[in-house]
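Look at the two complexes coming up: subunit A is in both, with subunit B in one and subunit C in the other.
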Partner chain A sequence: MTELILQALFSGVLIGSVYALVALGLALAFGAMRIINLAHGELVLLAAYMAYLVESRTGLEPYAAIPLALAVVSAVSIALFMLVNMIRDHRELNSLILTFAIGIILTNAILLAFASDMRTTTSAFLQDAVSFGDVYAMRGEIIAFALSLVLMGLLWWWLKASWYGRAVRAVSSNRGAAMLMGINPTRIETVSFLVAGALASFAGVALYTMSVVQPAVGHALTVKAFIITVLAGVGSIPGVFLGAVLLGVTEALTVTLASSALQELAGMVLFLMVLFLMPNGLFGARARRG
Partner chain B sequence: MVRSAIASATLALALGVGLPAAQAQEKVVTIGAHMPLTGSLARSGQTFNEGMQVALRMCNAASPKVQVKVDVIDDESTPAKAVSAVEKLASSGSVAIIGGYGSNIVGPASDASDKLGKVYITAGAVSDELTQRGLKTFFRINNNAGYQKGIATLLIDLKPQAVSIIASTKEAPTLLAQGLEKDLAAKGIKVTVHKFDPAITDFKPIINKIKLQDKPDIIMMSAYENDYVGIIRAAKVLKPQVKLMVGTWSLATPKMYTEFPDLMNNVVGTSFLPFPVEVKSEEGRKFAAAYQDMYKKEIEYLATLSFVETTLLCEAIQRAAEAGTLDKGGLADEMRKTDRDTMLGRVQFDQTGDNPNFALSMGQHREGKIVLVSPKAAATGDIAYPAVPW
Partner chain C sequence: MLETRNLSAGYGAITVLWDVNLKFRSGALTAIVGPNGAGKTTLLRALTGLIPHTGAILLDGAPLKGKTWDLAAQGVVMVPEGRLVFRDMTVEENLCLGAYPERCRGDLSANLERMYSFFPRLKERRSQLAGSLSGGEAQMVAMGRGLMAQPRILLIDEPSLGLAPVIVNEVFDIIRRLKAEGTTIVLIEQNTRIALSVADDVHLIRTGKVVMSEPAASVDLDRLHDLYFAREGQGA
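Let's look at the complex of A and B:
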């Protein structure tokens, strides 16, 4: 039983780190602009297909697709932001509808461009098993985990120490006051969307290396990212990581100790419990003030 | 693709206007089809559509007096869109409907079709409940019993002591897993079923349970394509001491080997054709040639299912049209008269609309080829056992 639980915990942490990578971009846009980008999963998916494109056409490892994924997803992110920025009234609600529609358009564009076949890496290097004592993982999962930690650290540093990061937090905290301090909110929001797009690019490539992608998975990714963002509490980057790992571990333990059919249900129960007991999320504003 | 098919049919009709009087007697009958061309089942829907288009081309060529054209609507892999597609197709003059994919979609869509008095045929829904509703216009060529029989025959012949079944909680895989559990347990084989939600992507916790607790001889996957990849990949990482990996639909196909060569070798799945394709019947050879001509690829599992159902419907329509009963509700009667050999074997329809003769062989991936290994009467080679992909 110990061996089973150890493997479940290990698998949970690894899958949680990828959930975190997917959720980070959504959390950033949500924190900075109060916009829930319901097309975020499709941006991740787009990056995953760039990885497929590069691997299938050139035979290179999927991570070689990161520059292409960054370019394509950033361009789409900017276009997305320009559309969202045209909304004048009821921005939060209307942006939900707009991004949801864009998500559908992106899914079908991917379907047209890449067909409906499922795709995943064929790299033997990334699929090889790696063992740490009695626990096992694919090499691709270990790399994705490390990538997630590094990007999390970089984002944390960027938000804390850079001028743009502080400006993002200022706009997020009080848009009007930030303007009075000489910050151009539109420019800062553009940067936030760009960074969110960059994070989606890394997440998509990582996802392609360890999971199966097909056009329909974008929406599921958005839902998972949204759950994690709410679990974490708005504006908390470490919270995103911990929330994602908590979700991953809960799912893996549910499979091991109960039934795999209950995995998604366990995630939703966790989500509802946190909302009920801690309405601001695990690391939301009130908790941080405390 | 849909547009081009409709455009071709329209062009054919337009050209027909100027033909000589002898050909002006040609009757054009429209049928409808709802297929999941987008959404989560898009891959299945698009392949179904290909098989259907080839079948109509061949059927129309064989019987020029009654030409059958199809209007296709994308049901977006959702039941509500499928129902509305059926209503729209019926109101625009379709005499029958070819159904989509998935019991949860075909169920309400065929209900709607029955209420409108339209014959409905499917090759993509195997739930037992569908034929227990007493619908007079519902027909299907494949069913859960056929898949169950094919897999159970293989597993029982291999005489394992224990089998672990990994089953998706979707309707058809669950039904199949339940049936197999019963069949295998009756033969004294220890069976453990692990159900999983279709949303999960990491199968390592399940495989680890199988490895450390079940310790089976065989892992049986009652699931779909993306699940197979996740399950086999997890098994490749954890390497449970099993002797064989067995799956169900859409697994023993050349496409799966081409796309996932590292995962597929020695894996067994339901099949009715070896690869390289060896089609014994004249009809099969014509289908393979026409499919290659239209889509530049080898025939595959779902396209063949769709080809067979469409051919049977088309022939029934032509018979009813020639007998003058098509407008008088005679199509369902003609469907019930169906009794012919097809690429899937003999097809008849019983009172519930089901095909009691449906049964599948089992094929094993072997270095890019697919060898039929069970039942013995259909086998093209011996099974490699024990043999796993890692």
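Let's look at the complex of A and C:
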């Protein structure tokens, strides 16, 4: 029993790191534009299917699909951004409806193109088991975890030290003042959408190598990313990582101790508990803004 | 030199500023004074492209065009009131963002050191979040951030707003030093007494019109206050 729980904790941390990438993309676009992109999970899904496409057609490792995933997801992100940008009134509310609809269209496009079968990597290299004492992981999970940590580090550095990254934070913090600093907010919003799309591309390919994907996963991922964002609040990368790991572990424990049918429900229960007990989020003591 | 010709501006159908003709001499400090609602902030917003205008704004004889961020890149830099710092970024990050326009990015560390020599208190607080600063310190961050943009003309909005008198004096000491260094400054200020003490030229705006323009040295404070409060119906 203890081994089972340890194994669940370990798997939860590994998948949580990929959830963190998804949530960070959502938070980035929200920070700069004040809109919640409800099609974000579908962008991740799109990247996962690019990995499937490349693997099934060429026999290469799924990570060879990253350039293709980046190109496709960037193109869709830009189209999405241009559509959202056409909204003139009540952008917060109308963008929810618009992005939700785009998500449905993307899910159905994927359904048409790839059918509703579950897909996962067939790479023997990635599916090889690696043991760490009493717990096991697939090599693909370890690679995905390491990749996620590296990307989070890069994102942290970019937001902290690069001109564009700092400008993204400035626009998130105070749009009017950012304009007075010579920052073109529309350009910065485009950049933040593209970076969110890049994170989604890596997350999608990673997800394909460690989990099963099917068209409905996109919507579930958006919900997960939203839960994590509420758990952690936007603005702190370590906070998002911890929130994502908490969600991953909760799901994995539910699957181990109860049933995999309850996996999505567990996330929702966690979400409701946090909303009731800690309405400012897990790390919300310093809830500011507004 | 910055110049406005028949500048009118407002919000939608409401015109707030009417045919304003002003000259801001290079290297001088020009104070714009006037009561609440006179149109001072509207003037500033028009000069920085935050609201549309009719008429012309000329910088060294060439018309200024573009959005707010283009104007900032051309050196028309506004220091908004201290509340408008980036609250969830550190003091140093706030200062660095001032140097965002590409022509200002070279030699960032030397530029920062210059700011810290101006505002030694900010050096102590460099890694503190700007949202945690006192009102006076936040005002210094806003000014330092504006100076990092190497302005050709610096527009300062109500630097005394909400500050304790002793802090106001400190802020104006800094404005005097900037002026002594030859920075071209436009100062928007409600506090006429302190504005007169630093200004070279003074313009009084009331109900959207310039009602007085004079060198600060020849301004009589009593007469200015008569105009300011529209006593005796002068200038109406």
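As a convention for this text, the second predicted complex is superposed on the first by the 264 of 290 C-alpha atoms of A that agree within 3 Å, B and C clash if a C-alpha of one lies under 4 Å from a C-alpha of the other, contacts with A are read in each partner's own complex, and residues count from 1 in each chain.
Quick note on the criterion: a contact is a pair of C-beta atoms (placed from the backbone, for glycine too) under 8 Å apart; a residue touches a chain by one contact, two chains touch by 3 or more.
Just so it is clear, the structure is predicted and the values come from calculations on it, not from any experiment.
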| item | value |
| --- | --- |
| Subunit B versus subunit C as contact partner of A:A109, first or second or both or neither | neither |
| Subunit B versus subunit C as contact partner of A:L96, first or second or both or neither | neither |
| In the superposition, subunit B vs subunit C on subunit A residues touched | B |
| Partner chain(s) touched by A:Q263 [first = subunit B, second = subunit C, both, neither] | first |
| Touching partner for A:T122 - first (subunit B), second (subunit C), both, neither | first |
| First (subunit B), second (subunit C), both or neither touched by A:Q7 | first |
| Touched partner set for A:M138, first subunit B, second subunit C, both or neither | first |
| Touching partner for A:A220 - first (subunit B), second (subunit C), both, neither | first |
| Residues of subunit B touching subunit A in the complex | 38-40, 42-43, 45-46, 77, 169, 194-197, 199-202, 204-206, 208-209, 212-213, 225-226, 229-230, 233, 236-239, 255, 259-262 |
| Sites on subunit C touched by subunit A in the complex | 48, 50, 67-70, 72-73, 77-78, 80, 84-89, 93, 96-98, 100-101, 105, 131, 145, 149 |
| Subunit B partner contacts - residues on subunit A that touch it in the complex | 3-4, 7-8, 11, 14-15, 107-108, 111, 115-118, 120, 122, 124, 127, 129, 136-138, 211-212, 214-216, 220, 251-252, 255-256, 259-265 |
| Parts of subunit A lying in touch with subunit C, wherever the complex brings them together | 163, 166-167, 169-170, 173-174, 176-185, 235, 288-289 |
